[in-house]
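In order of appearance the chains are A, B, C and D, and numbering begins at 1 in each one.
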Amino acid sequence: MSHDKKYIVIWAALLVALFVSLGLGQFVGNAAVVGTIFVIAAVKAWLVVAEFMHLRLEARWLQLVFAGALAAIMAFVIGITPDVAHHWSVIPPKPEAAADAVVVAKKPLEPGNVERGGKVYGTYCVGCHAVDGKANGGTTGANFVDDTTRLAKTDAELLTSIAEGKTGTIGTMPPWKGALTEQQRVDALAYVRATFGAK
Amino acid sequence: MSHAHAAPLPEERTSTGVATGKVALWWFLASEVAIFGGLIMSYVVCRLAHPEWAEEAAHTVSAAGALNTVVLLTSSLFAVLAHSAATHGDMKKASNLLFATVGGGLVFLCVKAYEYHHEISEGFTPVASLFWGFYFFMTGLHGVHVVAGMTALTWAALKARKNEAPWAVEYTGMYWHLVDVIWIFLFPLVYLASAS
Amino acid sequence: MSHDAHPQSFISKYVFSTDHKTIAKQYMITGLFMALFGGAAASAIRTQLAAVEPGGTGGFLDPQFYNSVVTMHGTVMVFWVAMPVLVAGFGNLLIPLMVGAEDMAFPKLNMASYWVFLLSTVVLLISPLVPGGGAAGGWTSYPPLAADPALSGVEWGITLWILAVALELVAFLMGGINFITTAINMRAPGMSMWDLPLFVWEEVAASIVFMLSVGPLIAGAVMLLLDHVAGTHFFDPKMGGDPVLFQHLFWFFGHPEVYVILFPAFGIVAEIITCHARKTLFGYKMTVWSVIATSLLSFVVWAHHQFIAGIDPKISIPFSVMTILISVPVAVGMFAFMATLYKGSIRFTSAMLFALGFFACFLLGGVTGIINGTAAADIYIHDSYYVVAHFHYTLYPLVFMAGPAGLYHWFPKMFGRFMNETLGKVHFWGSMVFFNLIFLPQFNLGMMGHNRRLAVPTNYEFLSTPEALLMQDISTWALFGLLAFQLPFVWNFFHSMFRGAVAPANPWNATTLEWQCPSPPPHGNFDTPPVVYRGPYEYSPEGDGPDFIAQNQPPEGQHEVPQNPLVSPHAAK
Amino acid sequence: MLHYLPFQLSSFAGDIDQVIRVIYYIVGTWFVAAEVILFWLIFGSRSKPGVRAAWLPGTGRAKWAVLAPVCAVLACDLIIEKASSPTWEYVKLDIPHPDVEVKIEARQFAWIFTYPGKDGILGTEDDLVAKELHVPVNKKVVFHLEAADVLHNFYVKDLRLKQDAVPGRSIKGWFDTNTEGTYEIACAEICGKGHTLMGSKLVVDSNEAYQSFLAAL
């Protein structure tokens, strides 16, 4: 039963390696420690694959099969690390609420100003709702002119669908609270009511 | 034909001297390495991009992870002892050792279930953040493979008890070792690299 | 070996058969059936592009539906036509026959792979019928568009699409294990790895490349599915996820995938030109090494699909160099095939015509790829019609020229009957003319800056010029010509199955083992297990002996060598 | 095919066209040569009665009949790589000092351009927002390309500029212009329902027209 004794010895070695890396686990701060932990993990993995799975005794080309899979994954990680790991040119996701709070704190909310609203509409809303407010015949957005139910809704209701966005029958209205301040949204609504809807 | 112990092969025909079943199994293990490798490397790369995950990772129960490593290593030992028992023809002992391996898998799943319960009760669900998404997906997929390994081992143990398909002892054991190797890499990545 | 099969009911003989030849036919017929869907999607796209008028009017497809038709066209053609016909169809049919085995290493696993594939086909065909329409993010379905239903307006369509692709990948993993183990371990006695026909080498290389590269995509597809269904944030930029990570996961598989399609087509063409030019393959070992080199290189080039996709421009340089280098081993293969024709004695059967047509068109496909691989030129060329023309000049010859070439060549072996030669030539010349007419104008459209996947390109003035509209119209009329010339093939294929001229066992006087057994081969393939004495391409050897020597023909003055102990004992019963 | 290349508006448009032209001629000669040889082989080696094919296994030194042209392919590849990498660095890597800085934001089915306003710093309160991209002629413009929801692609054919906008990333790039006029901006990455409607205008003004445009914002 000499084989069995060898396996038990290997098993014990694996446990020792585990406790060593557990011990190292306390000061994960510096990279050297993390490096040694992964080297220990690699050694443990090799022990299991070579001894328990008898890869060491297999034909050479079978070892190549296993090595081939590892090589493919190494090629993958080397290829993506510079891009995804260092997150070239990433912008840290800034919390959206902050944008609103800054503006409101300064200026109290004025009633909707049609002239300023026209500029906001002309920049952000015209892409889908079009200059004439008909949204290319209602295909890319709500058609304010022909579909009178749209502007029949209350201001509060329309302001929430501008801020939070809405998924309707035609498609999805993106939420604008990140890009537009509350004042701009009120102005835009005032412009839309003034130019397209009956007051 | 292949090793000294020459257990009867599932396929009588082999041109390379290696049992066809074993060739197929090594290819299957290679594709498993590719799947788990892709997933673990995506996690590693995202981890390099988000150093702040160390705080989130601190909420994982390292002790449970270590215990699970011990459990899996021990059940791997049982699997390899079962294989060496089968090669010496003692199928009864091999079958018992295989059942012990399945027992190890059960213990692993129970510890895992406790861990999941503990984490989810604290509000760390897969949708909580990207780290938890990776954590639950990796350990969950590994858990699925543990269950698959346990069913295969149980089938092999029953066959071994009836002295049939002795090759199954070795092949299910090898699949179990791969599941153990994947856990050997998962443990430091998720549990250890966390104590900030 | 070929014991008279125990009486099988229709079901177990044709539907739940574990015979690799029947599974091959099932794969091929499912693939050709799905080609109808791919063709229909193509004609919808082309008709829309020809119907649009300047000013953005005239289009009859709603933009969202157009995007989903483009997505289905790409997905169906790559995963449900190219893979089943080239990899699984010919692979299942020929690998056991060419290595002299009675069946695949694991017949039940082989049958299971077809049934998982059929399930994936059904799931895919359902996906456009659900509310919200089919997936509409291109065949690559990048997140966040594919991950967030609110952004794409497609809920169930994308879920079913991802499931269908995942099932299809699992089916080909099962098939791949069978191909590799059969080719490596079930070879006839006396057949060393260097006696394998090139087709078997290419199929094994395709299966290995597929198996090792699909791992990350399976993980990526499940992550995308979880993002889409369960609300996790793997690729959600607002929660720190990274959409570019999915692009890497996809294209790490995406580029090796096109070599998985290229290898079987190269294998088919190699078998056909050697047989019909009566000449041995020029530089067999060199060509095998070029296949291995292409396989290795195919793992390190994937980011040339993402030069301007927002990745770090510094890593585009190594990928651009590797992409240009991969043209070298592929060039070795192509030049070796052309050198094989030199001083040959070419018989212009339909199969040979298609193989030569494949060369002529694939040359242009390969040559126009260099510009995409060069990072600087790709800035302008990326996602333009130039790229569309390039990959159609590579994929169309692989699937619709090497595929039919293989069908005309091995049809007598599959069904024991010839396909009609004159219809074959009509099909060849018609497809050849109209295929070129479709895609040559698209090179010019690409240079003009026409970008892909636009439902109504005439919304832009620079795409409403008379030249652009003329080229779109030529492309569309040529497509209808091409579809018309596929009819003779479809009729010829099904008609000849039952009424084609009866074919002998070795109609083309070929040397490889699959022609040394009756056609169609019985259940166990070979009456007596073949023993192999020489390499696969012994055509017109020196001296004035017979025109070819089969692989299993014993050398003169020596009768059959007694069984090699390695041969399966149960055969000796 | 090359005469379809559009007008060269930016300085690097000429360089990119030059790279395309170099590749076109090298690759074109290979293609024509290969086709001619292919058709010569087909026609020359057709089966003639009583003539038997030759036995050319292509082993030993005969391999060089294939390996020699392959080495020539490798040489051409290296020439192409040599010709194209400086252009890649010029366009993508060395971002010049900006005369004008602008933030380009792509969102589902519209382009939004933000100018730094009087304080000259982007992201401050006095930024000016426009629906069309106005730039002064002969000036270097550095843009920060962002996407609000899905992948988009900022594409101006006359500039030969095509750059994906990735949500979560702010990608820095540059271009300059040499002629006044209005040019079309298109989206070149599938971004959903309105992908085909996402056009906008790049207006190249003289300096005065540019200043008056900013003032009117």
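Rule of thumb we're sticking to: a contact is a pair of C-beta atoms (placed from the backbone, for glycine too) under 8 Å apart; a residue touches a chain by one contact, two chains touch by 3 or more.
Note that the structure is predicted; figures quoted are calculated from it, not measured.
Visitor: What pair of chains has the most C-beta pairs in contact?
Guide: C-D
Visitor: For chain B and chain D, let me know how many angstrom lie between their CA-based centres, rounded off.
Guide: 48
Visitor: At what distance in angstrom does the C-alpha mean of chain D lie from that of chain A?
Guide: Roughly 28 Å, centre to centre.
Visitor: Let me have the rounded angstrom distance from the C-alpha centre of chain C over to the C-alpha centre of chain D, please.
Guide: Chain centroid spacing, chain C to chain D, equals 30 Å.
Visitor: For chain B, what residues touch not just one other chain but two or more?
Guide: Where chain B meets two or more other chains at a single residue, that happens at 16, 18, 23, 27, 30-31, 33-34, 37-38, 41-42, 45-46, 49.
Visitor: Can you list the residues of chain C that touch 2 or more other chains?
Guide: In chain C, residues 64, 151, 153, 212-213, 215-216, 237-242, 244-245, 252, 310, 314 touch at least two other chains, as defined above.
Visitor: Which chain D residues reach two or more other chains?
Guide: Expected reply: 108, 149, 168-169, 171, 193-194, 197.
Visitor: For each chain, which other chains does it touch, given as pairs?
Guide: The list of touching pairs comes to A-B, A-C, A-D, B-C, C-D.
Visitor: Would you mind writing out the residues of chain B in touch with chain C in their complex?
Guide: Where chain B meets chain C, its residues are 11-16, 18, 20, 23-24, 27-28, 30-39, 41-42, 45-46, 49-50, 126-127, 129-130, 133-134, 137, 141.
Visitor: Spell out the part of chain D that touches chain A in their complex, as residue ranges.
Guide: Within the complex, chain D contacts chain A at residues 105, 107-110, 112, 129-131, 146, 148-149, 168-172, 193-194, 197-198, 217.
Visitor: Sort out for me which residues of chain C touch chain A in the complex.
Guide: Residue list for chain C touching chain A: 62, 64, 150-151, 153, 208, 212-213, 215-216, 237-240, 242, 244-245, 248, 252, 299-300, 302-303, 310-312, 314-315, 319.
Visitor: Tell me, which parts of chain A touch chain C in their complex?
Guide: Residue list for chain A touching chain C: 68-69, 71-73, 75-76, 79-80, 82-84, 86-90, 93, 139, 165, 167, 171-172.
Visitor: Provide the residue numbers of chain C that touch chain D in the complex, in ascending order.
Guide: 56, 63-64, 66-67, 70, 136-138, 142, 144-145, 148, 151-153, 237-238, 241-244, 277-286, 308-310, 313-314, 316-317, 320-321, 324-325, 327-328, 331-332, 334-336, 338-348, 356, 359-360, 363-364, 367-368, 370-371, 374-377, 379-384, 443-444, 447-449, 451-457, 459-462, 467, 539-542, 544, 547
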